[in-house]
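The structures considered in this document are given below.
Across the two complexes that follow, chain A remains constant while its partner is chain B and subsequently chain C.
Entry: the complex of A and B
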């Protein structure tokens, strides 16, 4: 009897503790922001957030409504404090899907602004990050929805799709945190553009020294850059012109099945690095201008055409990254890892634009689809 | 009686705990990507100590360490040593509790006061620690599935954005630096001193050395695996910013249906952390039992109350730092130097098992 009594008192004592009285965060009280954007306005930060409200409409049917608010201030914290006052409950970034930067904001040192997301444990680091071209980032949110998705989720999906299509490498707030602090390696961010009321990923923005360089690569070059970076997605499609003639219906496209990249760094007499990149691709012909049998002789010729075309294009791609001073391949990082003494002697920001980078692409066609 | 399997899981649960959260950060800030070498050195050191401890406890397998002290040192001296050991275990538990509450407060429960977390922790741990060692070991065996979860999660990091090159250049630090960092790694391997107190309960004392070595190898391999996973995932400057790299590693992961694995993981990882506390309480309670001839159950409760009272004191950041650095030396004294001295005394006195 005494034992049972003891047990019951102990349970009564323990149960209140189990509920976590101090840290209750009821989901109904929370206002969960789904999307965040930052713009630069008169040397102030303009933050815009989207809070998604889900309205149940009877059995299993839901409607949604975005509540979009903006605030300006000298720091993200300041705008956040102002934004909080618009909402009925505590704001939480624990479910944000997308972080957008206006072009002018992106040209600032992003690292120092985003500290807000990294220093406290609540914000979600799986959000996708993108730069908005041609308009304020906050304008994108006013579109309310993409297809049937609420805007923030729709943007997430768009970027996710472009990652699998090898337009941009997989990237989230978390990978950004890694790259911000990595000497000798820059990265790329997807650039969004609004065209006739629709939003699309229009290219890859080259980031230099944690800030947007203002230079963007068009989508048709992106898969090749990703191959050079050795960071490509599931579907990597490229196309070339037959006989290098740029005319109607003269393109054939191919999908990269396997890619092997070799990055060699040598030093010339003065200690300046020289880079040789060799790309070995195994591809499948995906589309051909004519529905006819491709003979093995033709395949040889196609292989040569692709190799020549891609070598030329990759050469100019590397020039573009050098012009933007954006070492997306991490050549500096490789030097740092393999030759730390040489790395210390280099001022990489000054060196990278002027080093010679040679590229060579070799292509083998493995299949021609299900047609011969 | 403890079988080999029971012993193995007892030891790894005693070894792996809170240290795993911050270990990569500490090592990286000392010797960067060469931290795994420090770990290896600490592992070899630990192995040496295990040999000494096993030799010592085998010199009289029917007695616990506290009883052995009485025989080797005489009653008066033994009492002092035993009290010191109990104090050592209390301060170890104290540091452990401070670190746990710190992590929980910063990562999950921001508002919950320290005493509440400590109270919960002590209720749970003393509930297990008051039982027989066989019961404890069975509970630990069950808890060990969490190690599988950890290893699985660490493997899931590999398809993410990693760069193996971050492990290079290998050996950029001098050998002395690497050795100097090894005490930090050694702290995380502490726990095998348990063998001194459970020798009388072991079924096959002859194989205990082998089992302990395997347990040590397991912990060491897990730590090295974790360290390498962290190094290839984080860039250099980022690493120096993150206190709990393991949690941050999981913070960045996201899957279709599960997000914020860091918080889910930490909530579960409280269990391996408290098992370390259970072992400390067990060790200390044996000592209290020996010194004051209380019942062991009762001494666990007394220790829990003492720890709760100590936990109520406000601890400043600098106090925590100094306590952790003192603890590194105390560990080496109490786990290595003193048992080694005792072994020499035992050999001189010619005691054989």
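Entry: the complex of A and C
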């Protein structure tokens, strides 16, 4: 027993001498960046970070203040080193809610730049990623707040909301990393735009080969693309015109409750892949401009209208992705999985824009809401 | 005066009295009473302070005065007595509260039991309260306590063994067990361990506990001290041994497993899911009170990256103006808490309430307002304390609360790694511990423990079910 006691006392004296407390990062001292943005400026990277400072004003009352700083350099690490000098404590990216890219920066190979975020254990891989259109990404931060939220947290909420509204698929730095290293699959990023001092998600930017293609899909097409990608959110609403006239009060809208996607890849005589996409939707009508009852005959007619409309729109959507050379559906990955030999023979970047993609949408109206 | 230990009484009454009084060191509370019985002088000797005078009057003096019968034995037949022949026996018997009757021209004395039964009424145990179940508690009397057990276990299998310990204290220890259930090797080891304290002056049950413990340096109690007869009876049925010390209002149960400390007798009186919930709650309380402050410090000092953003800012806001390291904060708060707890235990209950107010309002809120300790730390320590108070046995509750201190230190030094290391040491120690040779910690049989083994026939399948 005496021996054990000696050992314990010895340990107690040795412990403080070991490393340990040297790694300490007290919450009080930490400066935490909430948002990061990258722009391209004179062939240099301009990094901007937002650090949210909380100022206590008595018990339970506090105020916040954004401290925004930027630095330019030839690499992100270089700018980071400069940015550190602005702050009182160790700078941590563990709470970065948002990563923004300026349009010009996004057109570079994102993978190689973002490498910085993946190598060290500290950063927050749940951050949302977005492209800023029409302005420098750092300008967005100067808005300071969105509603009552500090800017970075507000941007996170905006993108989160657009994900549940099926404008962009759920995505974080973490999911991006998997796409970066997948040759047969591209992805889309939300595009933010500042309009009259407010920020909104104005569409989905198509990424081709880890860089922004510069092509953007408008919001009203996004839910359909997400349905084709089989990666839709909680609320997937679409509209169609009752007839071909585009006039006031001629639209009816419906919410997709269930969707089944079938992706068939066939080879033609020359070994080129042919893609058939069949989409089977179950929808609820939740807005219909005529006040009359919808008879079962009309339902049939509406189903046909929607099917025709969506087939047409999906066809053109796929054309757009091919034009942007952005294989968001992961057709390449599917070929790679099912037919690895054929995959090796293909130069996918060159093949994708030219393969025939046929889409067909079938719609069943399940309910017409509370009203008949 | 040179006298052999077993010197016998003589026929000379005055000499006898003189030697007995010398044996009793001329103590002032030794009273003598002179009577006559059929013409012979009779002397009654008793210790005024512990003998029951009413009983002496009723059962000894009045029959003698009435002179019912020729012989003294027949006169005293209503009362239990024994015959003594040596001075040593007589003085021992006097010290136990008996009355000694010596007759003229007679070399034997009668020792009559007249110990005054200054018994406390059987009350509810103050330290182990329940809302459901019986409300009786042990008192400072071993035979009463055993009677409480006998009431519950009406079986000839319940065996009681008396042993007297201590050269000066001469205190009785009762070992109770169910002959059919107890493991004879365990019982043997318990008895042989008790032998070790044969000559020690036994005052409190801690001494018995110490003798019984396999690891006296361990912080964990290895025998359970309870004030509740239902708990003792339950453990007897499980084959454990219950030890009573006269004048101690508690029973020592050994061998015991760690999980028994997290159990309240109430559990077995509840529906299975209530039982399961409270048992799980106590397990959680145990884990919380050991690790929570350490976890908080580790997060605060090293691992804030694991916090969600909103939690992070809430935390940061509360620690922003606190000048101390979280470790110092935690130690300060723990000390304040222990001080408050100790103060309220020592003070009379009316004043203790004031301490509660002082603790909660003055220290609790003022310490936060002056930015000495952060709000979150107060919350963390309060939760730790409350969860340690959930543990039904006071000894274990204190142990657990103190167990958090080394972890706090390790967490401040090494963060999560320190906690992992500390918990490893704790678990190794707990697993190694034995109580009277039986493993202290086994797999927590949560599910077996709350399901009664007897099959239950629901819905009146029982033939005796009425209607």
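Keep this in mind: the second predicted complex is superposed on the first by the 352 of 372 C-alpha atoms of A that agree within 3 Å, B and C clash if a C-alpha of one lies under 4 Å from a C-alpha of the other, contacts with A are read in each partner's own complex, and residues count from 1 in each chain.
Note that in this section contacts are C-beta pairs under 8 Å (C-beta built on N, C-alpha and C of every residue); 3 or more make two chains touch, one makes a residue touch a chain.
Keep in mind that what you see is a predicted model, and the values were worked out from it rather than measured.
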item: First (chain B), second (chain C), both or neither touched by A:128; value: neither
item: Which of chain B and chain C A:313 touches, first, second, both or neither; value: neither
item: Partner chain(s) touched by A:46 [first = chain B, second = chain C, both, neither]; value: neither
item: First, second, both or neither for A:14, with chain B first and chain C second; value: first
item: First, second, both or neither for A:183, with chain B first and chain C second; value: first
item: Contacts of A:338 with chain B and chain C, given as first, second, both or neither; value: first
item: Chain B versus chain C as contact partner of A:170, first or second or both or neither; value: first
item: First, second, both or neither for A:23, with chain B first and chain C second; value: both
item: Which of chain B and chain C A:153 touches, first, second, both or neither; value: second
item: Those residues of chain A which chain B touches in one complex and chain C touches in the other; value: 20, 23, 94, 121, 124
item: Residues on chain A engaged by chain B in the complex (per definition of touch); value: 14, 17, 20, 22-23, 94, 118, 121, 124-126, 169-172, 174-175, 177-183, 185, 330, 333-334, 337-338, 340
item: Interface residues, chain C side, partner chain A - complex; value: 217, 300-302, 304-305, 309, 312-313, 315-317, 319-322, 325-326, 368-369, 410, 412-415, 417-418
item: Complex contacts: residues of chain B adjacent to chain A; value: 106-113, 116, 119-120, 123, 161, 163, 165-166, 168-169, 172, 233-238, 241, 251-254, 259-260, 262-263
item: Interfacial residue positions of chain A with respect to chain C in the complex; value: 1, 15-16, 18, 20-21, 23-28, 30, 32, 34, 52, 54, 56, 59, 62, 92, 94-95, 97, 121-122, 124, 153
